[in-house]
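Presented below are the structures under discussion, each in the form of structure tokens.
Okay, so subunit A shows up in both of these, paired with subunit B first and subunit C after.
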Partner chain A sequence: MRHYQLAIIGAGPAGLAAAVKAYENGVKKILVIERDKILGGILNQCIHNGFGLHRFKQELTGPEYADRYIKMLNETSAEIQTDTMVLNITKERILSVISPLRGFENIKADAVILAMGCRERTRGAIRIPGSRPSGIFTAGTAQRYINIDGYMVGRRAVILGSGDIGLIMARRMTLEGAKVLACIEVMPYSSGLNRNIVQCLNDFDIPLYLSHTVIDIKGANRLEKVIAAKVDENRRPIKGTEMEFDCDTLLLSIGLIPENELTRACGIQIDFRTNGAYVYENMQTSCEGIFACGNVVHVHDLVDYVSEESEKAGEAAAKYILGDKTLNNKTIEIDAQGAVTYTVPQRMRCENIDKNLKVFFRVNKSIDKAKIIVSDYQKDIASFKKQYVVPGEMQNIILAKNQIENIRGDYITIRAEEIISE
Partner chain B sequence: MYDVLIIGCGVVGAAVAREFSKYNISLAVLEAQNDVAMGQTKANSAIIHAGYDPETGTKMAKLNVFGNELTAKLCKKLNVSFKRIGSLVVAFDEYDQMHVNNLFSRGSANGIKDLEIWSREKCLKEEPALSNKVKCALYAPSAGIINPWEYALALAQTAVKNGADIYFDSFVTSIKKEQEYFKVSVLNGSSYYAKYIINAAGVHSDEIASMVSDNAVKIVPTKGEYYLLDKSQGTLVNHIIFQCPTEKGKGVLVAPTIHGNLIVGPNAEYTKNKNDTSTSASGLDYVAKMALKSVPDINFKDNIRNFSGVRANTLDEDFIIGESNTVKGFFNLAGIKSPGLTAAAAIAKEIVQICSQSGVVLERKDNFINERKVVSLKSLTADEKNKLISSDPKFGRVICRCETVTEGEIIAALSGVLPAHTVDGVKRRTNAGMGRCQGGFCSSRIVEIISSQLGIDPCEVLQDAQGSVILTKRTKSGDTV
Partner chain C sequence: MICICCPKGCHLVYDEKSGNVSGNSCAMGARYAAAEAVDPKRVVTSTVRINSSTAVMLPVKTNFAIPKHMVMKAVELLNDIEVQPPVFIGDVVYKNILGTGADFVCTKTVNE
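Right after this comes the complex of A and B.
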């Protein structure tokens, strides 16, 4: 059985950054496993720009962003195995993998980093009724057809969901000569970044219908018609508000789901709010020696944060591999309350935090002038002002070590409040 | 000129073709669609019923019970996925209890030997996810779950291996009796001649019958809608869970599928359009509500697909099997609704016998091929996997990650007897694209593989039926809307 200090599953932005960081922290025998034939993950099909503003202070395209990390990885001694799929992992960190070149084999690793990314929600998940013709694609699948394979998926399109990929694809389809008739969003707000609404819809006069959804699909073989309607507060269609769109294409941008089948099968604890593993302050999962980072933990909207989070995982895995096993200190749970829907990490061990801890979270409603309050029982231990928070954008706060050193209980809470000015 | 011409290649047409292919006759099947089993056989509950439902003494009762036994044998021979997991008909009140007792007696009268009535305790012990309102249940160990599509394919492939011709994209438009034989015309312009015709056209069997002025068949198309849930829900129940019929409807079933998913459905709604397999919000709501009555913990958030099928129901409960009263040499297998899948193999034996009594000369072949190999990497041991991959590295490249289907398996499905040529054709033969991402990741790779294997442009690769194009043109190729 081949043996490595560290095995990383997935070579998208998360896996790449984690590998580079682990190497920098002294781990030399690393194996990066990727099922695609090339490195870079989903970034390869994201040929638009907007990547790297935080990280490189530059607007890069997806492939350019990936390329920076691929170059860094190539400088390390990490082994890269593409065209290889991990079929199973165990708590003992034995990976079963399969590839055309090496066949089926088991690999042992001292530590594992999960960086498998996510997949798109499909029509079934939101149970759109109607017929089942061709011409209905998840936005990411359409993006792959257009940007990687070089084929158009249709001529007249409706986009369901205002997630970022859907918005980007509205613009992409338009630039490739298709007519995008509408972008339809069931929530009263968009789940995409504001800059994408402006640059991908408004600039091309594509109408955005908020509080609407698709209620019927027509067409025997290829899609012919999509029927949409306004929805009430309970997201139920309102009779009499139906709109018909003659179109041959429907793109679904209705959310992403962290891809954790391997994680689940390994018995690692999953947070039902994120669909990702519960992680500690250092991105370790509930299973010792197995770490996770990137979209497999929770869905990010900026790749820059994926890299940051993954470097943390790479560093922590290195520490673990090189013998620093003093990680089992007192655990404090981070409890998301009110408008805060989840946090990552979900738990922390203060002794393992050097200077501070960045906590990512999302909210389920827009708040102008918000205050994020962290409490230990009744006592507020930190508070942060935000100009605004919106569901479409991942938020974060940075807790200083001295703020969390003397927590009395075994959990702290995080909530968001509106600042009411006199 | 064929001796026997079968119209329709659903499970019934395929089973009949296989049965006839045991004999030295010339044989063909005409199928309107571009693949086998695109009608009822593609969209049903996939249950091999035990046989306690049909009224004792009917053809249906006899063919169901016999069909159950034959199906099990055939699946073993032809390598078709089938598991006898047993079924429960669950009672929630006294009325239901009466029904369960009646089914027990009827089933025993139909010749099912191993039926049991389970107490409430036994039900909850064996099936902990059942609603605790359960009173008792009828247990039928011989009921099973099958891959209906694979079953029909295997039957059709066996027929072809034994000399039958199958013509796809051949929608029959007219049948003329000319002296000693029939002339059958097809929408694409071709004509076929045959001495005997078997009508196995499913929901369209009434139209085919009326082409020879036989108006004895009247189909009442009845739609049934379903949920197919993720494998995470697939182990919720261990048996096929049926409900008792109420005045509001027949009740829906909850069962694991042969692929490890959970299937929930169907309702029963009359539909005017026989080809309308759309789903509706109201139908799906009803199905979900009914299912939760027997299994309250189904998580419908894990739904991965909805679909519906149209039953070839008739006013008369029983199957219509036999020679037409109006035209000699024309045989109906009409109104083959549920449990038609279960009965198909028995129906095939029955009709071959009827035909022979009506003058079809049947002489057994001595070299009948009755086996079928399938390569599924998933089911191999580590050593076997490595042997296969070293002989063809493509078996080491996973294309469908949800169902672990390799490039080698996909290429195998695109060649051989009755090969796939569409994305859904590949899906039905290999399971690629069946899983939780519903082809999100693999469909573009599969289009690429089909295009290169069949030597066609990606824009010509179809999703499923004729006209279901996926890609419209190359990017940067000019023409816009």
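Right after this comes the complex of A and C.
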């Protein structure tokens, strides 16, 4: 059986950053496993710019961002195995993998980093009624067809969901000569970034219908018509508000699901809120020696944060491999309350935190002038002012070491409140 | 006006008379608001065909922002281009787009 110090599953932004960081921290025998033929993951099809402003202080396209990390990885001793699928992982960190080149084999690793990313929700996930013609794609699939494979997916399109991929595809379809009739969002707000609404919809006069959804799909072989309607506050369609769109294409941008089949099969604890693994302050999962980072843990808005989180996982895996195994001290759970829907990490061990801990979270409603409050029992131990928080943007707060050290309970709570000025 | 310089998306207000910008949280935002009010510009990304054994399409971008009203015309220039590998990130694919001085450069390295 081949043996590695560290096996990383996935060579997208998360896997690449984790591998580079683990190498920098002294791990030399690393295997990076990727199911595609090339490295970089979904960045390869994200040809638009806007990546890397935090990480590299300049605006890069997806392929350029990936290229930076691929170059860094190529300078390490890490082995890369593309065109390879991981079928199973055990708690003893034995990976069953299969590839055309080497067939089936088991690989043993001292530590594993899960960096499988996420996939798109499909039509079935939101049960759109109507017929089942061709011409209905998830936005990311259409993006791959156009940007990588060179196929145009349609001429007249409607986009359901206003997530960033949907918005980016509205612009992309327009630039490739298609007419995008509308972007339809069931919520009263867009889940995409403001900048994308401006530069992808407004720039091309594409209307955005908030509080609307698709209620029927018509067409025998190819999609012919999409019927949309306004929805009430319970997201039920309102009679009499129907709109018809003559179109041959419907793109779905209705959310992403972390790809955790391997994680679940291994018996690693999954957080039902994020659909990703529960992680500690160092991105370790509930299973010792198995770490997770990037979109497989929780869906990020920005690749820069994926890289940052993955570097943390790479560093922690290196520490674990090289013998610093004093990691199981007292665990403090981080409890998301009120408008805060979840946090990552979900738990922490104070002794393992060097300087401070960045806690990522999302909220389920927009709050102008928000205060994020961290409490230990009834006592507030930290509060952070935010000009605004919105559901579409992942937020973070940084807890200082001295704030964490003084926690007495075995859990802390994080909540968001509106600052009411006098 | 919403700033598109970074994911933050600040709400900017541009005073036409004085040229003052408010609502921005950085210098990029101030520059963006002034430019957007007078002559809005965009970086354009698209693809061209490539005659390669490993790829069908090659991603490209404009190396500078070009006037917004030229965006649709600019991408049409790419329709008939087929690139021969090897190409490297930053190689010029189309020079001087519509007299703007900006070029389409490729954003991916394809060796063969």
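As a working rule, the second predicted complex is superposed on the first by the 422 of 422 C-alpha atoms of A that agree within 3 Å, B and C clash if a C-alpha of one lies under 4 Å from a C-alpha of the other, contacts with A are read in each partner's own complex, and residues count from 1 in each chain.
Keep this in mind: contacts are C-beta pairs under 8 Å (C-beta built on N, C-alpha and C of every residue); 3 or more make two chains touch, one makes a residue touch a chain.
What you see is a predicted model, and the numbers here were worked out from it, not measured in a lab.
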| item | value |
| --- | --- |
| Partner chain in contact with A:Met243 - subunit B first, subunit C second, else both or neither | neither |
| First, second, both or neither for A:Thr122, with subunit B first and subunit C second | first |
| Touching partner for A:Ile47 - first (subunit B), second (subunit C), both, neither | second |
| Partner chain(s) touched by A:Asp203 [first = subunit B, second = subunit C, both, neither] | second |
| Touching partner for A:Phe104 - first (subunit B), second (subunit C), both, neither | first |
| First (subunit B), second (subunit C), both or neither touched by A:Asp67 | second |
| Contacts of A:Asp149 with subunit B and subunit C, given as first, second, both or neither | both |
| Which of subunit B and subunit C A:Thr138 touches, first, second, both or neither | first |
| Overlapping contact positions on subunit A, where the subunit C interface meets the subunit B interface | 146, 148-150, 176 |
| In the complex, subunit A residues that touch subunit C | 38, 44, 47-50, 53, 59-64, 67, 146-150, 175-176, 193-195, 197-199, 203, 301-302, 393 |
| Subunit A partner contacts - residues on subunit C that touch it in the complex | 2-7, 9, 42-47, 49, 54-57, 59, 61, 68, 71-72, 75, 89, 107-109 |
| Touching residues (chain side subunit B, partner subunit A) in the complex | 227-228, 232, 275-281, 283-284, 300-301, 303-307, 382, 385-386, 389-390, 393-398, 401-402, 404, 436-441, 443-444, 447-448, 458-459, 462-476, 479-481 |
| Residues of subunit A touching subunit B in the complex | 35, 83, 85, 87, 98-104, 119-120, 122-125, 127, 129-135, 138, 140-141, 144-146, 148-156, 176-179, 215, 217-218, 220-222, 237, 248, 261, 264 |
